[in-house]
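So that you can tell them apart, the chains are marked A, B and C in the order they are listed, and the count of residues begins at 1 in each.
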Amino acid sequence: MVDARFFDRTGEIDLSQLLAVCGLKSSGYSITQLRHIVSDAAPLISSTSDQVSFAAQKKYLSQLQNSKAGIILVSDVLISEVPASAIAVVCDDPYAAFVKFLVHMFPSSGHHLTHRPDFPHMGKAVFEKGVLIDNSAVIGSGVEIGRDSIIGPNTVIAAGVKIGRNTIVADNVSIECALVGDNVTINSGVRVGAKGFGWLGHGSSHTPVPQLGRVILQSHVEIGPNTTIDRGALGDTIIGENTKIGAMSEIGHNTIIGSNCLLAPMAGLAGSTILEDGVLMGADSGSAGHLRIGAGSILHARCAVSKDWPPGSMLAGAPAQDIKEYWREQAKLRKLLKGLNK
Amino acid sequence: MVDARFFDRTGEIDLSQLLAVCGLKSSGYSITQLRHIVSDAAPLISSTSDQVSFAAQKKYLSQLQNSKAGIILVSDVLISEVPASAIAVVCDDPYAAFVKFLVHMFPSSGHHLTHRPDFPHMGKAVFEKGVLIDNSAVIGSGVEIGRDSIIGPNTVIAAGVKIGRNTIVADNVSIECALVGDNVTINSGVRVGAKGFGWLGHGSSHTPVPQLGRVILQSHVEIGPNTTIDRGALGDTIIGENTKIGAMSEIGHNTIIGSNCLLAPMAGLAGSTILEDGVLMGADSGSAGHLRIGAGSILHARCAVSKDWPPGSMLAGAPAQDIKEYWREQAKLRKLLKGLNK
Amino acid sequence: MVDARFFDRTGEIDLSQLLAVCGLKSSGYSITQLRHIVSDAAPLISSTSDQVSFAAQKKYLSQLQNSKAGIILVSDVLISEVPASAIAVVCDDPYAAFVKFLVHMFPSSGHHLTHRPDFPHMGKAVFEKGVLIDNSAVIGSGVEIGRDSIIGPNTVIAAGVKIGRNTIVADNVSIECALVGDNVTINSGVRVGAKGFGWLGHGSSHTPVPQLGRVILQSHVEIGPNTTIDRGALGDTIIGENTKIGAMSEIGHNTIIGSNCLLAPMAGLAGSTILEDGVLMGADSGSAGHLRIGAGSILHARCAVSKDWPPGSMLAGAPAQDIKEYWREQAKLRKLLKGLNK
């Protein structure tokens, strides 16, 4: 579901129009199917009858089998797995077709953002009691800010953003496409909800993948100065309760961080990383994205995670290894090299 | 000593109140001791009779033996080393107890910061002749700016900050809890004096360590765009005279950098690193914190320092090695691997 | 050529004055030579009769032989290669002498910058139809902005900057010494055209190298949040058409990036890197500077390039290797270490 507070949509289209938009043939569908109406996009697992989704890899087989989407763009190897409730649209590159649909349905993909905070049709911003907003801050239309929260100088809160109670947003911060909880602290220069880095293809040409998601900062989160938290591509980037992120970090789109994590400064999490609860990341450590780091894991400084790790892992090195294995290998290697002649 | 310009304090308390605040038993102290008054916190080495300090590790033995603090929180193995001038308070976790004292004594730990630049009781800001401040800059109460300095657009100088003469602060900068010298250049987007990354414990729970120190930028310092210099936890983060720091760097709390150092862009220094004079750091190099890099040392790009190094060290690799040793090992390793079958 | 929109110059000087400025002897030149007038500086290859250039290394021999500069500062080993059209000024350290000339000729080396956006003699800013500028943005003298471009809140555009059509500059951005094309997107917190990291010498003393170049962002470029693009030292930093750079990246002075490149977040390119067209850089990868990465090359995440690579290279590791070689070595090494006793 794309949040209507942040992204305008073109409106309803039926399958025949969708096929035209995506450059696909309209043969092989029933009249009823061609008239099936959709007006939104969603991931397989959370979609409904008026939404479009896609499945390109076998990795997502169980999600495909359980999807409630109205229309699913699929590669031919997956067609037999599409549930009866959905219309299967087979195509060579389901993701590319899906992006074409997104571009059509959400052509602005960001006109509610910080560079245009004022949207009269969204109504006035609403502030609870005790809210303090510096005169130099710029607050967009439809923003809601909870009791006793503080917004610092030169900070920009884009249209539609919600901020909870007792939250401190320091100066020179940008927040867009985001829902921020209670007792959150956002330090100077932080960018919450900016467009993630999403492109289809590379080399002689690449097309932008609309970035239509949000950022959710749960309660008691703290974000260090000059850190960037990109909004989801579709769906949300989530920072769990009481998690603290240090300065100069970059959190990619659709990353999901559990509660009570500590990420020391200069952390880098590529898109769709999952950090379970209570993970501790040393300074300048990072992850390659599309992977899961189990609860309570500890990553040494400069560690670079490249695959899934179970809860309680202790990691070091790049690519990351179990820390005992890492030290053992380092010791063996050093001994071996000492014994060798030039 | 916590600087009263930046942090309000609760006021005087005696030992009996301190024991209550820290959750410790009051038995075993004399009446005179229980009535000993303190109102401040300081590191062992610089503390006085009205200040509280702590010692948890043998590493700090000589500092403990020479401390002039009125009350010292210590672990039982160190009790015999507490000077006669101090009251020794033995506890299981002296650092945790000390943090409880800090939270009580300095409950705001940052309400003079950039998100609230205006504090009438601190008086008006004072500018010497020739100071140029852009209309869009926000200058807090009690700020002092020296002759011919320039403050750029949308920059925020928080209450109590002092800036010297002929200093240039570009646009979109944030400065709080800081003393800035003469002829300093601070480029766009820099954050000086933001809260460092300090937490007690990790995992299911962590509590914030109040960040009550300052940043000192000595004369002729230059800071590259979007760099963050965190203020000390207790005591100062210091950047020495004529040191230049490149863009996108992160300098952790209580780091002390000597004079005439050059830190190329993307440097990362974890908390309490000591860089002696004239150190040259290649791009994207860093240090693990709580260590000393000797005068005139040269660190290759992407070097990651993990232990102390003497003056004149030439370092490469992660973890950093002597550069000759590094190249020798790399050559041997490559030769060895070439000779092996798959 | 130093762009007069961004840097004031002292005015014409003749060779005899130049020799005095650089601390060089005036013996051995003809009267005609001593009266040769110059008023600008340029790289060897693009310079003309009224410009000064320098050559210190044999690496630049062919550029020296083809230079049309009026005066060339050279080391004695290169003197025989100076073209007849130029006056050769031999000195021990041509680069140091050249820097002295720059400091004399361009003493402000940055007074048109974001901290002083208003220069009445540059005339009013000029906006084409449909331009939207937030009230809180600060636009310098002589700025030109093309049709339908948007400038977000709290953004600062320094004097003389040119911005094309349909370009979006988000909030809290700083732009100075730059020419920006059409359909460019610059996200929040980006710093375009700040001073690069250039120093002569290091250790007990270092002197600043004036940073007198520009940034050119060609059309359809996108820059991610909080990224810094430093202006050239002399000449330009260029980001080619349709190239996209992710969040939290640092692009050093005089870097030249071709068209259609994708740089994932946290990229770091040291000064004078050349990236040919269509290069793909994984997250947190970087380059050591003064090197060329061939068209269509692909760099794995955290890859650190240390030398030239031909078109189509696939790279991984630090320092970067061919990716197949990298994986082969890693596999061999792991096998070897497993076979060894502690």
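Miscellaneous remarks
Going forward, a residue touches a chain if its C-beta (ideal position, glycine included) is under 8 Å from a C-beta of that chain, and two chains touch if they have at least 3 such contacts.
The structure displayed is predicted, hence computed values, not measured ones.
One copy, subunit B, sits rotated relative to the other, subunit C; on C-alpha atoms the angle is 120 degrees to the nearest 5.
Shared numbers divided by all numbers used gives the overlap of an interface; between subunit A and subunit C this overlap falls below half, so the copies present different residues. Per-chain CA centroids place subunit A at a distance of 33 Å from subunit C.
For subunit C, residues that reach two or more other chains under the stated contact definition are 136, 154, 172, 189, 226, 248, 318, 333, 336.
By the touch rule above, subunit A contacts subunit C in their complex via residues 113-117, 136, 138, 154, 156, 172, 174, 189, 191, 194-195, 197, 199, 202-206, 226, 228, 230, 248-250, 252, 268, 270, 286, 288-289, 304, 318, 328-329, 331-333, 336. Of all residues in subunit A, only 132, 134, 136, 150-154, 168-172, 185, 187-189, 224-226, 242, 244, 246-248, 260, 262, 264-266, 277-278, 280, 283-284, 296, 301-302, 318, 333-334, 336-337, 340, 342 touch subunit B in the complex they form.
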